[in-house]
Each structure stands twice: as C-alpha cells, then as structure tokens.
Amino acid sequence: MTFGQLPYDVAHLFGGGMLLLSFMLLYQRRVTAVINGLAIQGAILACAAAWQGGMQSAPQLYLTALIAFAAKAVLIPLALRVLIRRLDMDRTVDTAMGVGPSLIAGVALVALAILVVLPITTGARAIAREDLALALSVVLLGMLMMITRRNAILQVAGLMSMENGLILAAVGVAGMPLVVELSTAALVMVVLVVAGVFVFQIRERFDSVDVSLLDPHRGEGR
Amino acid sequence: MLTGLLLGIGLLALLALVAAGSGWVPGQERRAARAVHGGCLVIGLGFAGVAAAKLGMGLPEVPMALPFGPPWGAAVVALDGLSAWFLLLLGLSGASASLFALGMPPETGRVLVPFPLMLAGMALTLIAADGFTLLLGFEVMSFASWALIAADHAEAENRAAARRYLMFAVLAGACLVPAFGLLAGPAGSLEFSALRASPPEGWRAGAVLALGLAGAGAKAGLVPLHAWLPPAYRAASGPVSALMSGVMYKVALYVLARLLLDLCGPVQPAWWGVPLVVAGAVSALFGALRANMEAEIQPLLACSTIENIGFITLGFGLTLAFRGADLGPLAALAAGASLLHALNHGIFKTLLFLVAGAVRNAAGSQRIDRLGGLIHAMPVTALAALVGIGAAASLPPLAGFASEWLLLEALLAGWRVSDIVFQVVVAAATALVAMAAALAAAAMVRFFGLVFLGRPRSPRGAGAREAPLKERWALLLPAGLVVLLGLFPGLLLALAAPAIRVLAGPATPTPATPTPAPAGLVLVAGEGASTYLPLAVALLLALVLVTLWFLVRRRSTGATQRGPVWNGGFSDPPPFLHFGDPLTQPGAAGFAQPLRQMLGSALLGAREVVMMRPPGDPRPGHFAAHAADPTPGWLLMPLARLRDGIAARAERLRDLTIRGCLSLSFGTLVVLLALLAWLEAR
Amino acid sequence: MPFDFPLPSFPLPWAVVFLPWAGALLLAFLPRERQATLANIGVSAAGFLLALALLAHPGGIQGWTHVDALNTPLVVLSFLIGLTTAVFSHGAVGAERFDALRLRAYHVAFQVFMGAQALALLADNMGVMWVAIEIATMASVLMVAVHGTPPAIEAAWKLFILCGVGITLALFGTIILYLAAQPLVGHGDSGLSWTVLRGLAEQADPGVLNLAFVFLLVGYGTKAGLVPLHSWLPDAEAEGPIAISAVLSGLLLNAALHAVLRAKAIVGAHDGAVAPGRFLLAFGLASLLLAAFALWRRRDARRFFAWSSIEHMGLAAIAFGLGGVAGNLAGLLHMLGHSLCKSAVFFGLGAAVRLRGSQKTADIAGLCASHPGLGWALAIAIAAVAGLPPFSLFASEFLLLTEVAARHAWLILPLGIGLLTATVAKLHILQALCLGDPTPDAPRDAASGGATGADWFTRDWFTLGPVWLHLALALLLGAALPGPLAMLLGQAARIPG
Amino acid sequence: MLTFGSIIVQALHLALVLAAAPLVVGLIRWLKARMQGRRGASPLQPLRDMLKLLRKRPVLAENASMVSEVAPYVACTASLVALACIPSFSRGMLLAPVGDLILLVGLLALARMALALAGLDVGTGFGGLGAAREMSFAVFAEPALLLCVLTFAILAGTTNLDLIAATFRDGGLGLRVSLALAAVAMLAVAVAENARIPVDNPGTHLEVTMVHEAMLLESSGRHLALWEFQAALKLTLWLALLSAIFVPFGTAPTGAGPLAWVLGLAAWLLKLGALCFALAVFESAIAKMRVFRVPEFLGAALLLALLAAALLFVSTGLA
C-alpha cells in the first residue's frame, strides 16, 4: 500500500475536524446546539470512513460510512430532538464543571493522548499513529463530556461522541476485520441507550437534586 | 495402618451424613444418637490403638499419597511419632467423650452432625503430611466445633460466643496459610518432606515464627488471643467441651510444634524459644488467674485450659531454645515435658469437663452459686472430680505432677543457655509457672469445694441425682487413666520417644532413659541428678496413709458423732431457710476475693462494688464483683472501631450518582494512561 | 481427551452458542408460565449436554471460535449453572408475579444471555468476543429491569450506562490490539484471533500492546466488577429476579474476567511491555479491600452478597495478577468455586427472601429455627462462600495465600487484612441470617400466586436441590477433583502465562 | 543405694522427726512465753494435747462428707512423707533419691489442698474464708520457693535435696550473696506457710487472724489431733529444710558410721533449737500484719529470690 501525501492529509483533516467538534460539544451551553454538533461529527465520521474506504480500497468501509451517516448524522439527532420536545427539557446545559475548566481538562486530555501514543513510533505507521492519537482524544473528550453534564440527553451525546472516536480508529487502521459488524454492534448499543431514555422516560436519573426521589431507588440507605 | 486411619475418618464423615439424614426422619433421634456416639467411641478406641501400636512397635513411617486431594496435587498423609502421640490423645479423649454422650439424653442433629466431623477434622490434621491437608483438617475441625457451639443458638450470648470463636478460627487459618507459603518458598511444594529439606532463613524464618505463633496461638487460646475461649464453653455441652478443651487445643499446639519445631528445621537460633516462653508463661498466669474469677464451671475449666496450654507452649519454647544452644538432652527433657503434659492435660481436662457435664445434667445449672453439696448426691462423680482436680492442681502422684515436674526441671536448667536475657526470661517464667500452678490449685479448690462440698445453694441443685451408669463409666475411664498416667510417666515417655525425636532432634536420649534399674518407672532430669519416682512416692504415700490410719484408729476407737454445725458459735438459721442461711456459705465471688484483691485488680481490672444502706434502711445491701479481661479492650475493640471507621469512609464511594461512578471509571482510565505514559517515558 | 469427536468439522462451539438462542426464539412464543419454565429447563438441559460434549472436543481453533482447556471448564460450568438456575426459577418464578409479556422477556433474555455467555467464552476472535459480551450485557440489562419498578430501572440504567462506557472502551482496546497485529499479519480476520495474537505478541510494538491492555482492562474490568469500576454491580445484582443475581455473579463476571485474562495473556507474552500482572494485582487488591470493608455496612442481604462478588473477583484478579501456573490455577479455581457457591447462596437467599417478603438482613433472621432445611443449607453455602473448608474456595484461597507468601511476601498483609475482614463479615451475616430467633414469615395472599407454606414445601427441592448440588460440586472441586478434570485445570493454568 | 545403713538412718530419722515435731511447737511456745514474761506451758504440752484429743469422740457436722474424715490423714501423710525425705543428722537415707525439692513443693500443695477442702466441706463462712486465704497466699509463696530452688539448682546442678546438701556442705561454695538472699526469701515463705506471725497468729482463734485455724473450726477429736500434728510436722519440716540447705554443717555424710551420726544428731538438734529461738524472737518482736499486706510481704520474698538467681547469672559468669 502506498499513500501519497494528499490522502494522508485529508484523512488527518477529517480526524482533526472530529476533534474540533468534540471541543465544540464540550463548549456548548445549549442542548440543541450539542445535538447539531453531534450530527456534524457523525457526518464527518462518515466522510472519513468513506475516504478510508477509497484509500484502502476496502468496499465494506463504504457500508460503514453509509450506516454512520444515516444513523449518526440523521436519525439519532432527529430522535434526540423529538425526545427533548417530548420531555420538555431545559434547553440550557446544566454543567457540573464550568466550561472553562472543562476546556482546560479537554486540552490536558489531548496532551495525554499524544503523550501516550508518542512512544509508538517504532514500527507503526505514522498515519495510524496520528489517527490513533486523534481517536483517543475524541474518546476521552466524549467521556469527559459524560461526566461534566448532568442532563441525560447530553450524556447520551457524550457516549455517541465516544463511539464516533472509536469508529474513527477502526476505519483508520488498515485492514481491520469485522469493521462493519463491530461498528454496527456499537451503534446498536447507542440506539438502545436512546431507546432506554425513550421507554423509561429517564429524565434526570444521572444526578438528581431530589434526594427523596432517588434514595428509595438505591435500595439501601446509608 | 494409614489406610485404617483414613477409613476411620471416612466412617466419621459417614456418621455425620447418617446423622444429617436422620434429621429428615422424625423420631429417629435416639437411634441416630446411639449410632453416632457408638461409632465415635469405637473409632476413637481404634485411633488410640493404632497410635499406641505405632509408638510402641516403632512401625515405619511411610508417607502415603491419597488418590484425591486439591486440584494441584495429591493429599499426602503420614503417621510419625508426633502425629501418633497426639492421635493417642485424640482417641482416648474422643472415646471417653463419646461414651459419656451415649449415657446422656440424645442430642439433636445440630450436635450429632458436627460431632463426628470435628473428630474427623482433628484426625485429618494429625495425620496430614502436606500443608493443604493439614489446614483442611484444621479448618474442618474449627467449623465443626463452631457448629457445636452455635447449636444452642437461641441465646444471643451463645451466638456472640460462636461468632467470636469462628472469627479467631479464621484468623488462625489466615496466619497459618501464609506461614506455610513462606516456608515453601518459590519452590512451592507443600509436602512436609520438601519443607523440611529447605528450612527458611533470615526474615522469612522470623515471619514464619510470628505467623505460626499467631495462627496456632489464636486457635490454642494463647494470651492475648484467648478472648473467644471462655465464652465458647458456656454454650457447649459436656462431651463437646471435653473434646474441645481436651483435644482441639492440643491439635492447635500440634500444628505449632509441627510448624516451628519440625518443619522449620533443626538449625533455628536459640532466641526462637523466647517468644514461645513468654507467651506460654503469660498465658499460664492469665488463664489460671481468670479461672479463679469465673462464676460458671465450664468457663472456669476453660480458663484452666488456657493455663495448661501456656505450660505446653512454654515447653516447646524451651525445646527450641535448648536445641538452638546444642543442648540435646535438655531439649529432649523440655519436649518430653510438653508432650507428656499435653497428654495428661488432655485426659484430665476431658475428665473434668465430663464431670461438669454430669453436674449440669444433674443439677440443671453451671453457675457455681446455684450448686453445692453435690458430693452427697453424686459420690462417684465427686470422686472422679477429685481425681481430676488433683491432677489439674498438679498434686503428686497424679498425672499433672509428673509433667509439671519435667517442665520445672527444664525451666530450672534454662540458665544453661548462655545468654543473660534468656536466663532472666526463664527465671521470670519459672516464677510465673509456679504462680500459675498455685493459682490453678486455688481454682480447683474453688471448683470442687464450692460445687461438691458445702450445702446446696438452690432447690434444683438440692434435687440432683447421681449420673446414669454409662456416664459414670465414662467418668471412671479417664479417672483411671489419670491415675495410671501419673504412676507410669516413664513408660509413657519411652512411648513418646519417637515424638520427642521429632521435636528435639533425631539423636537425643529421652528423659526416661533408664539409668537406674527399673526402666520406665523413673523420670530423670539434669544429667541424671534429679529424679522423680512416682510409683515409689505413691507407694510411700499409701503405706504411710494406711499406717497412720491404723495407728490413729487403734488409739482412738470412738465412732464419730454427728451434730449441728458449730460455725464459730453463730446461731442456727431460721427453719424457713431450708438450705441454711445462704449468706453464711462462701460464694463464687467471695472465695475469689483475696485473689481478686491481690492480683485481679492489677491484671484483670477486677473491682468490687459494695453498696451498704444507711442504718435504718431495711432494703438489702448489694455486693457485686467484676473482673474484665483487658485484652478485648485493648486488642479487639480498637480493631473493631478502626474497621468501622474505614467502612464508613469506604461507604462514601458507594454513595455516588451515576455521574460520580462514571467519573471514577474515567479517573481510573486517565490515571492508567498517565501511568503508562510515565512508565514508557522512563 | 478420551475419544475423538466423531465429526471434527461439526461446529460444536457454534452449536453450543446457537442452541440457547434457538431456545430463546421458542420461549418467545410460550405464554404460559408452567410451559415456559419447563421449556426453559429443557433448553438449558440440552445446552448443558452439548457443553459437556465440549469436554470430548479435541480442542483448537474453529473459525472464530476455539476450544481450549481454559474456556472449556468455564463453559461447562456456565451451562450447569444455567440449568440449575432454570430449575430454581421453575420453583421461584411464580413468586415474581410476572405478567405474560415480562415472563417471555425474562425467558428470552435468559437464553440469549446464555448463548452470548458461551460465545464470549468460546470466541477466538477478540471482536466476536466483544460482540458477545455486549449482547450479554444488553440481555442482562433486560433481565435486571424486567420488573419495571423504579429501583429496578435505576439499577438497570446504571448497569447499562457504566457497562456501555466500559464496553466502548473495550472495543477501543480491541481495535488497538489489531493495530499492534496489523504490521505482522496484514489484512484478514486472523489479526483479531487471540491465538494468533498470542503467538505474535513478542514481535509486536510494546507501546501499542500497553495501550490496548489499558483499554481492555478498564473496559472488561468494568464488567468484571473490579474496584473502582464496580459501581453498577451491587445494585444490578440486588434488583430483578433473584435467579438473575445468581447468573450475573456466577457467569457474567467470569466471562468478563476471562476476557481480561485473555488480554493479559497477549500483553504478558511480550517482555518489553508493561507487566500486566501488576495492574491486575492493583485492581484486585483495591476490590478486595474496598469490598471487605463495605461488607460491614450492608443491611440488605442481596447487596451484601453482591459486594462479596466484588471481593471474590478481586481475589481472582490478584491470583491472575500473580501469574505463573499456581497463580493462574488459584484464580481459575476461585472463579469456578465462586460461581458455584455464590449461585448456591443466591438460590437459598431467594427462597428466604420469598418467605420473609423482604431482603433486609434484619427481616431474615433465624432461618435455621423456622425452616431448618433451608437454613442449614444456606448456612453451609455462606460458609462455603466465606472460604471455609472443605469447599473449593478454601482450596483456591489457600493456594493464593501460599503463592503470595512465597513470591510477594509483602502482599500478605493487605491480602490477609482484606480476606480476614471479608470472611468475618460473612460469618456475621451467616449468623444473622441463619441463627437466632426467627422473624415472622411474610403473610401470603392467595391471589399473589406466591407459595403458601405447604406449597413452598413441595417446591422446596427446586431450591434445595440446586443448592446442595452446587455445594457437592464445590466440595469435589476443592478436595477430590477427578484426575482428568484436574489435568484439564492444570493445562488451563498454563494458558494465560 | 539400698544399703543397711541407709535403712537404719531412715528409720532413725523418721523416729526423730516424729518425736521432734510436737516438741518443736511446744518449745517455741515456751520460748515465746518466757520472752513475754510468762512462765509458759511445758514444751511437752502440745504432745499431751494431741494424745488427749485422740481419745475424744470426734463430732462431725451434719452435712460433713467423707472429705472431713479423710483430709486430715491425707494432709498428715503428705507432710510426713515430705519430712521423711529431708536429711536431718545424716545424708544418704533410704529415701534420698525420692527427696526432690519440686516433689516437696508438690507434697506441701497436697497437704494444703486437703486442708482447704476440709475447710470448705461443711460450707461455713469461716472455713471458706480460711481456705480462700490459704490458697491465695500459696500463690505468692510457691513462686518464691521455686526461685530459691532455682538458685540451688544452679549451684548444685540438681533439685535433689540430699545432693544439694552435700554440695553446699562439701562444695566449698563459701558465702554467697545469692544464697543469703535466697535464705531470707525462704524464711519468709516458711513463716507464711506455717501460719506464723506476721502472716497469721497460731496462738489465737480470733476471726481477724483467721487463716489456718479458720479451716479447723469444725474438726474435733482425732481429726483435730491429726491437724495439730500436721501443723507441727510442717513446722518441723521447714526448720529441717532450712537447716539442711543453709547450715549443712555437721551432718553425717553418706555411709558414715554411728559416731558421725551422733555428731550429726547433736548438730541438728542445735540447729533446730537455734531456729526455734530465732522464730520465737521474731514472733515476739513484731506484730501481725493485715491480711492484704501479706502479698507484699511474700512478693518481696519473690523479688529477693529472683534477685538471687539473677545475681548468680551475673556473678558466676554463666552468661
């Protein structure tokens, strides 16, 4: 396999775009904006997958791209919007950590990701390494988002963002078997989480201020 | 022979199954009880027979690998001198206890199931020849005895006792298992032959010593790990406590001896003896003192057990020290003292606990303050008890004295280890042992004098009847043994020679080496200079007694006359007090008063509360005596508080929202990644 | 292996996986309680028989699956516990008061879970293993949530989110693992094959391997309930039908720990990579110590034993972290023994909870006095879980302790403290539940479908049978394992390295 | 071992101590009386008392058991056997191999327990009180005694009384601080064991002094005679023990002839008389102490004995 400079740059660009969007998600204060950002990230992921499909001449990646686009850029964001309307949720984000600190933490996480990936120069191809650093950053930022937001919908968004990073890594590794299957399986889980929010009307189970509501549910007082 | 033993163990397990099965069929308890106890009796006698054959005929010791065992290897069993010696005790004591239980009203399944299991566990521990089998038997024994203690679990006190008991048993296991691991080292084989081949060195050896002492000590009830012991006996029935006190602690001591004296190899330094000597002496003193404070007979006897365990441990410590100082004959002397005392104590304590069981059955209580005057109603039991307390108070020529004589001789020779610290320790230990012996005598006088002599203290006690025939036989069997053991300690030591060689080193003479003519009738110590001739002493005593009696009765022919008690001129009690004025009889607390004031207040935190009414107030005054063992206060309570404190802190981790839990996971991930980055950057 | 399997090309592992799934399909259409529970037993029994056939399987890779000494005993045990759970559930499901839909969902989820469990153990392809664990997670979420009460949903949601995140991380680790193998194997499925990876690990990039291990550890470690990733476990095991608690702690945790072990084996094969054992050791110690102290604050009996699962997983992790044949054997034995004993406890506890109508410890006192058969069975089962002899947890804890003492003596102290604290806590609960004055049974209304006193007695053996069977097996495992099985375990202990 | 001479010596010794026992008690009483300015009863008075008591019909309490009847014989026997082993005018008696110091302690304990049980038999307050105190005092006396034995054992290498006496007589040990300390300790133990002032007062039956006599309140007739005799034997035993160990001079060696015996006899009588005198002086000079001061008294003896052993470790360079 020989990659020219351009394909590498483009793939890198997609990855960088996803990371940027992760930061944007971390930065957003409004729920709808977060969902929009998520949709864009899903779209970029689809592009990245398609690009890699072309680069590695692996047709199954096109399928991945298609699924990612349909589900992550269109369907799930739509569903989340419906959910927000149905549950009549607060439209502003209730953060547990201020935006500033969470951005700083995000930068630190990216630095950590790079630090961790840095020693892997030996033997591994540069593209994989760069992609790995980006994907790792996206995953970590997604998780950071999950723990800095109190709203269930936004936590689902964080989980999705994590999963996006995951797929980015999967499509970035040349010749990864079972990509389609794995990405689909991961997607199914996210869909089920969203469905769970739907079915059980879980509004604020993550972090309710209403202790009297939560305590009996934990089964055992202190 | 080993096959026979294993068969016995298997049969015991089968008996337990039978007993468990009989629980489903109502109305079969009587037959089940007879089957279980009869079986235990026969198997116990079999054990004793096999052990005696092994010791007497010096059969070869061939380790045998069993067809089953833990998943990583076969279980190995063997019967060497040390095992056989303790097996002999197990057989004799087990047979006595079973015989006694046969005479008692049938027990429920709660007792019938664990009883044979406990015997099986002990036998397995004794014949084990690898670490796993040993601890398997050891813990089975602990668990079964827990079930026996918890059998009467309706009372909260008994439950607490059982819980504490099991806790210490687990502690013992948790100490002994790593001790074996340390002993095995990276080579990993736990077979005794392999362990002996590579004795531990340096800090490993020290750790084995500490863990072994703590582990076996926790099970044997060495101070300060004895807190569980007296309460455990409040609950157990006579035969069960006889078995526990007579044999179970000996099994723990067997493990101690096996671990420290045998498996650690013969080259350990002399100072190894010091911790054992100190622990033994302190246990002896504490146990004997507590025995004087207890208000119930079974805890009283249990405390006396602590004292005797201390003696045996002390002997093991001296053996270690003498062996380390290359004083072979003295090591053999100390080892012989310990082994003989283990056997003697096992038998006479079995006897005393069976007596206690008979008293409980007959008089319906074990509180000293509800008993009294039982010698009139239960003459045979009283006679057996008298033999027992004589041995427990180490009076010549009974069993306890011979072994204590050996122990004291070993202590008196302790100065030969040329180390001033050890010498002073041994001198102090001598004083403590003597004090403990005197305290034990006081405790035994208190036991016999208040329970069997005097007047009854309660209507129920006054209505006591002599124990049934089987129980009486079960009392007379160990009583006869106590007398025999006391008269022929030399023969016993000759029998114990293989066991002594295990402890003191292969080429040591036994203290019964027949330098003067009649072999086996003489105990010799101190290079042949000190001797004890129990048979001669006994004959002399008998001769003098008979002569004296004859002379006195010839001079004084008058028959005795009965009259009312004089009691220093005090007036007779009013007729409505059927048992006399109860306040004029010494009570359990009253008898203990001098010792409580002299030693109890300092060592046991004992105090007395006397509440006298002002003149003219008709209400009765009050007297209360308390003695509290300090060890729970400074050992268990702080630990429990620490545990609760940590638990409360740990609880904060549980009380998290989902976001908090996620943060935990995330934090873990980030920390691991950072760690990775740091590791790789190095 | 005693004889060759007649059809070497017959995909036995897949049959083991798909039989329960087919059963799930069948059960989805059985509306009546009695039929459904009996069918459930039938399917489970068939699955167990098939799993037994694995013992005769020559071993080796078959497509995405492989059969070796490590996973065979785990699979067989899983199906055994599946069968006993089905039997138990036949006696117990009436008391759960399911409506028709929930009953079907429950059975379907159960069988789906069983299949996924088998696949997770049998998978050679790490990707397939991941998918299987994901399916098992989702099935268990359904099983926990099946009652639909607020606490159940709370617990299920916690399980879902925490394990979902964990599983995502595990997938990331799997991808990185492939990244390590990719330069060596090129394209194709073999890049995710555990056997291939294990063989090639020595030549792979250690940095990539390290990274992969961290993610796999955190990911699957979450499922295995290792502290500090354990938060979902106590609640999940304490809600939902009690049969599920037995399955969760008996099977799911094993599958997850097995996955961690496989990852450890790969990374451990490379000398330049970080020593994975240390990580496992640290997680194991944290689990042991936290759980040991947390046990003292439990007032809910099921949560108590859920925490004890954390503790036991910690012990197994310590054993695997020690590594070596003895360490691995201890860990494996501990996993097997824990599954047997813990599910036995949950069966007994289930009956007790049903009788007393509460799962608070204070409401379930004195079982030995009121129901001697149940009380003593439960007492012995708890003692077995506490590591008292002669059951197999004693053997494994013994081996672990001696191993630790022989090789890392400084570990004795934390390990001993944790073990002692936990064991004593279990003895406390043993006495609290089984001994003493009995608390009154809950009153039963006829409409509830719950068993009356006499009825309970007839169904008695659906509870006590499994309990005694498990205890007997644990006894065999601990003290008298038949030779071939002992050999199998010995082989298994060599696999993780 | 079993020579004719040893048998003769043993028989003579037995006769001697049997005769000496009542006389020793009487002598001390007489000496004390003289010192206190009274004329005092004849030294033979205790013997007369005993003989008279023997003839009287014993009265037992209604609820007394066999213990009351058997205990005096047992106690007397134990004391007598112990006394028979202590060399008096000559060493090498028949019972010399039996005469072990630890056995002696055991026999004393046997006598003590018989006494205490007899005191408890009827269940009266006085008997219990006396028994409790008697057993409690022994708790301090026995260790002190055994530490003294430790000192002897270190010096003589044995616990056999005969050999110890021989070593101290012939071994040329000279004057040793350790032995002096041990002697003081042993004297204190002897005072306590024999219920003498300051531990107990043998001359009264008042409740305040009750230890030994309290246990005998219910005995009468031949039983009381036996108890009195036992007390006398015990006192003689202690005096003989002290003289055998600390002043072994003049004692005839093993296998000596009658001339040496006569010399030894004279020396022994002299020693005994001196000890009686010393005891009388001591008892006349000091007052009885409170019961609960006794542990301090015996504790001091215990410490002295420990000090004796420790000094020995240091001074003889055994360390």
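Here the chain labels run A, B, C and D in written order, and each chain numbers its own residues starting at 1.
In the analysis below, a contact is a pair of C-beta atoms (placed from the backbone, for glycine too) under 8 Å apart; a residue touches a chain by one contact, two chains touch by 3 or more.
Note that the coordinates shown come from a computational prediction; the quantities given were computed from them, not determined experimentally.
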Steps needed, at fewest, to go from chain A to chain D via touching chains: 2
Graph distance between chain A and chain C, where chains that touch are linked: 1
Pair with more cross-chain C-beta pairs in contact, given A-B and B-C: B-C
Chain whose Cα mean lies nearest the overall Cα mean: B
Between chain A and chain B, centroid-to-centroid distance (C-alpha), Å: 68
Rounded Å distance between chain B and chain C, as computed from the means of their C-alpha atoms: 43
Between chain C and chain D, centroid-to-centroid distance (C-alpha), Å: 76
Length of the line joining the C-alpha centres of chain B and chain D, rounded to whole Å: 35
Where chain C touches two or more other chains at once, by residue number: 157, 161, 165, 169, 207, 211, 297
Where chain B touches two or more other chains, by residue: 651, 658, 662, 669, 673, 676, 680
Touching two or more other chains - residues of chain A: 116, 119, 143, 146, 155, 205, 214, 222
Those chain pairs that satisfy the touch definition: A-B, A-C, B-C, B-D
Residues of chain B that touch chain C when the two form their complex: 23, 68-72, 75, 131-132, 135-136, 139-140, 143, 150, 153-154, 156, 159, 162-163, 166-167, 170-171, 174-175, 177-182, 184-188, 190, 204, 207, 643-644, 646-648, 650-651, 653-654, 656, 658, 660-662, 664-665, 667-669, 672-673, 676, 679-680
Chain A residues within the chain C interface of the complex: 116-117, 119-120, 122-125, 128, 132, 135-136, 139, 143, 146, 155, 159, 162-163, 165-166, 169-170, 173-178, 181-182, 185-186, 189, 192-193, 196, 200, 202, 205, 214, 216-220, 222
Interfacial residue positions of chain C with respect to chain B in the complex: 157-158, 161-162, 165-166, 169, 207, 210-211, 214-215, 217-218, 222, 228-229, 231-232, 234, 274, 279, 290, 293-294, 296-297, 326, 329, 333, 368-369, 372, 383, 386, 388-390, 394-395, 397-399, 401-407, 409, 412, 416, 419-421, 423-424, 427-428, 431, 435-437, 477-481, 485-486, 489-490
Residue ranges of chain D in contact with chain B within the complex: 1, 51, 54-67, 69, 73-74, 76-78, 80-81, 84, 95, 97-98, 100, 102-103, 105-107, 109-110, 112-113, 116-117, 119-129, 131-133, 135-136, 138-147, 149-150, 153-154, 157-160, 163, 207, 217-218, 221-222, 225-226, 291-292, 295, 302, 305-306, 309-310, 312-314, 318-319
Chain C residues within the chain A interface of the complex: 125, 127-128, 130-131, 134, 138, 145, 150-151, 153-155, 157, 160-161, 164-165, 167-169, 171-172, 174-176, 178-179, 182-183, 186-189, 191-192, 205, 207-208, 211, 235, 238-239, 297-300, 303
